[in-house]
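See structure below.
Think of it as A, B and C in the order they're written, each chain with its own count starting at 1.
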Amino acid sequence: MEWIGLANYAVFMAIFICIYALLSLGLNIQWGFTGLFNAGIAGFFAVGAYTSAVLTSPAAEGRLGGFDLPVPIGWIGAMVAAALIAWPIGKICLRFRSDYLAIATIGVAEIIRLVIKSEDWLTNSARGITDIPRPFGDLPYVYSQLAYLAIVASVLFVAYLMVERQIAAPWGRMMRAIRDNEDAARAMGKDVPFRRLEAFIFGSALMGLGGALFAHFNRTITPEAIDPMIATFLVWIMLILGGSGNNRGAILGVAVVWIIWSMSEIVTDQLPHEYAVKAKYMRVFLIGLMLQLVLRFRPEGLLPEPQGTRAEMSEKSK
Amino acid sequence: MGALEIINFYLVPGIVIGSIYALGAVGITLVFSILRYAHLAHGDLATLGAFLALGAVTLGGVSPYVALPVAMVLTAAAAVMIDKAFYAYLRERPKIVTVMASLGVALMVRAIVQVVWGVDSETYTRGIVRPDVWFGIRLRDRELITIFAMIGLVLALHVFLQQSKWGKAMRAMSDNPDLALLSGVDNKKVVMLTWIIVGGLCAAAGVFLGLNYELKAMMGWTMLLPMFAAAILGGVGRVEGAVLGGLIVGIAEEMSTLFLPTEYKAATAFAILLLMLLVRPTGLLKGKVL
Amino acid sequence: MSDILVMRDLVGGYGDANVLQGVSMRAAKAEIVVIVGPNGAGKSTAMKAIFGLLKVRGGSITVDGTEITGWEPNRIVEAGVCYVPQVSNVFREMTVHENLEMGAFLRTGDLSAAYDRVYTLFPDLKERRKALAGNLSGGQRQMVAMGRALMLEPKLLLLDEPTAGLSPRYMEQIFQICRDVRDTGVTIVLVEQHAKQALAFADRGYVLAAGANRHEGTGADLLADRDVADMFLGG
C-alpha cells in the first residue's frame, strides 16, 4: 500500500474518530458528569441516523419521505428525535438508581432495532435508506473525504466547546454535586430528577447527531450498519479509558480505542477465513477484558477528571 | 378462535417460556437484592450454561436432562470465578461500576461461546417431537419437564432460604446488610453462595430455552429484558414474585402476538417494565427499590 | 474490680474530621454506664468507635483485658461485644424468632437456653415470635433488637439510644430489662437523649461535650451537679 492509500485511510479513521467522539462526549455528559448509565447508545445513534436520512434523502417509493430537506435540518432533526426518545425513558427511570436506567436503555435500544428492522413504511427495513446526501459529496474522492472531515471536526469542536462551557458554568457544578452527593444536593433544594433528565436528554441528542453524521458519511444506512452491543460497548470503553468526567479524555479515549480496534481488524483480516470469524470474537473478548483492566488498575482513565471537581465518588456507594 | 386454540398456541407456550424467564428472574432478583446491582451478564451466563450442556451432550453422548446438572455445576463455578475475577474488587466502589463491569462480562462470555461453538444455531436433539394430547391440550414432554423443573428448583431454593442457616444469612444480607455484618455473617461466603445458586439457575434457564427452542449465541442476551421485567414486576428480592413475574411476562409475550406483529414480542416485556416503574416500582409483591 | 471496657484518650471520626478529641471511659462487670451530652457531643460516635465502625487515630480500646482497637466488627462480635444501632436495628422481613437466630449466627450447639432467656426477658416477643419484625410496634422492635444482641450472650452490650421515639411506658420497660440483663452479669453501655431519666437509672454516667469528657460519676452525683443540671435539666 503506498502512502496515498495510507493517507486516505488516516482521513477515513479521523472521520470515524470524530463521529465516535461525539458519542463519547454525549456519554460523558450522562455518565462522567451526572452518573447516568446509558446502555443503549447504539439506539440513540440509530434514531439520529435514520431521522436525518429520512429528512434529507430524496423522495422514495414505499417509505416515509424522503423530504429532501437541507442537511443541517436533518442534523437538527436527528438531535430532536433522539432527545424525544430519551425524554420519556429518563422521566420514568431517573427517579431510581442508575441500574434501572441501564436496563431500560438496553430495552429501548432493542425496540429501536426491531422497529428499524421491521417497519418498511418508515425505514425501508432490511434494504435500508440510500441516496443520503453528503455535503461536498460531488467533489473528487479525496477532496470529498477531506471536506467531510473538516465538517465533522468542526461539529465536534463546537460540541466540545459547548459542553466545556456548560460544565464550567454553575450548571456543571450542580451536576457534579448531584453525582457526588445526591442527598446533600437534594437537601439544598435541587430538583435532582429534573437535572438528571436534562443531562440525559443533552447527551442523547449528541448521540443522535453522531448517528446523523455517520449516515451522511456512508450515504446509506441499513439495520446491519452497526452492531448495537459492540457500538455501545466501544463508546463505554472509550470514555472510561480516556477518563470520564474529562472531555479531552473522552476524545483521547476514542482515538486510542478506535485505532486499537481498527488495527486489530487489519491484523485479523489477514487470517484464513475460518480463523478470521473466530478472531473477530476474540477481539470482542479482549475489548471486554480491557474494560475490566481499566476499571481495576486505572479507574480514573488516561486523563483523570480535574482535581477539585471530583469529590470521592466511592463515598457514595450504597 | 376457540378456547383450546388459545390454550394450545398462546397459553402453553407462554407458561413454558414464562417458566424459563422465572428461572432467570429468580437469579436476577437474588443478585439485585443481596449484592445490590443489576447484573447485565445474566443472560449470557444462561447462554454459557446452555452451551456447556451442549458440550456434555455432544462429547458425552448423554441426554440433555443428564447434561443439565453438569451444566448447572459448571456454570455455578464459572459465576463464582467471574465474581472473583471481575466484581469482587469493585465492592467498595459505587455499585453502578459493577453494573458496567457486568456489561463487559456479558460481552466476554458471549465472545467465548462464539469462539468455541461458532455462531450457527444448534439443537440438543434432532427431529420433531409430536406433542401428546390431554383432553385436547397439546403438551410435549419437554414442556412438562420445563415447567416441573422450574417448580422443583424454586421450591428447593425456597426451602433453603427459609430453613437453612446460610439461607437465612442470605435473606438477612438482603434485608439489612449492616446488621447482618454486625451479627457476624461473613459477607464473602454469602456472595459466593449467591453466585453458586444464581449460576445454577442461569444454566437451567439456558438449557430449557435451548431444549424448547434452539441454541444461539444471542439467546441469553435477548432474554435479559424479559427476565429483568419479570424480577421488577414481581418485586425485587421476592423469589415467589420473580416466578409470578416470569409467568406473567411469558404469557403476555405470547398473547401479544394476537394483537401485535410477532417481531414485537420483546416490546411487551419492555412495556411491562416501564409500566411497573411508573405505577408501582416495588412490584406486585412489595419488593425493594434500589 | 475487673473492668470489661476500658477506653483511653480516644481520638477519631469520619473522613478527616475528628469528632472525638480524647474520650476516656471504663465500665465494670455487670454495670450500667450511660453516656449523655448535647447533640453533636460525640456520644454515638464514641460507641461506634468501640465497635470499629469509624477511623480511630489515637488512644486505645480494651475489652476484658484484650485490646481490640482497629479490629473488624465481626471479630469484635466474636470477642463478646454486641452493638444495637439506633435505627434499622432489626431484620424487618424476617420473623422475630429468625431475628434471634441471626443474633446467634456465630454460636453453635444447643441454643434453647439462650432462646428461653431472651423470651423470659421479653415475654411480648414470645407471643409474637412468628410475626415479621417489620410489622411490630416501635417498642417491640427495640426489644427484638436487644434480644438479637443478647442471643450471643455478650460480655458487653452497646445500646445506641434504645428509647428514642418510645413512649414513657416502653422507656421504663426498656430500662427495667437493662437492669435484668445487668443482673445476669452483662455490662451495658448506652447512649441516651433522655438524660434525666437515664442518669437516674444508670449505675454511672459520663457527660460528653464537644468530643471530650466533661463530667463523670454515679448517676445520682451527676444529677446533683450544678453544671450538668444547667446543661440538660434546668434549661
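Structure notes:
Note that a contact is a pair of C-beta atoms (placed from the backbone, for glycine too) under 8 Å apart; a residue touches a chain by one contact, two chains touch by 3 or more.
Everything numeric in this text was worked out from a predicted model, so none of it was measured.
If you sketch which chains touch which, the chains link end to end in a single open path, with no loop closing it. Nearest to the common centre of all protein CA atoms is the CA centroid of chain B.
Computed from the mean C-alpha positions, the centre of chain B lies at a distance of 44 Å from the centre of chain C.
The mean-CA centres of chain A and chain B are about 30 angstrom from one another, to the nearest whole unit. We define each chain's centre as the mean of its Cα atoms; on that basis chain A and chain C are separated by 54 Å. Touching two or more other chains at once is no residue of chain B.
Of all the residues in chain B, the ones that touch chain C in their complex are 165, 168-169, 171-172, 174-176, 178-186.
Residues of chain B touching chain A in their complex: 32, 36-38, 40, 85-86, 89-90, 92-97, 99-101, 103-105, 107-108, 110-112, 114-115, 118-119, 221-222, 224-225, 228, 232, 261, 263-264, 266-267, 269-270, 273-274, 277-278, 281, 289-290.
Residues 35, 37, 39, 89, 92-93, 95-100, 102-104, 106-108, 110-111, 114, 117-118, 229-230, 233, 236-237, 240, 277-278, 281-282, 284-285, 287-289, 291-292, 295-296, 299, 313-314, 316-318 of chain A touch chain B in their complex. Only residues 51, 73-74, 77-78, 82-83, 85, 88-94, 98, 101-103, 105-106, 148, 152 of chain C touch chain B when the two sit together in their complex.
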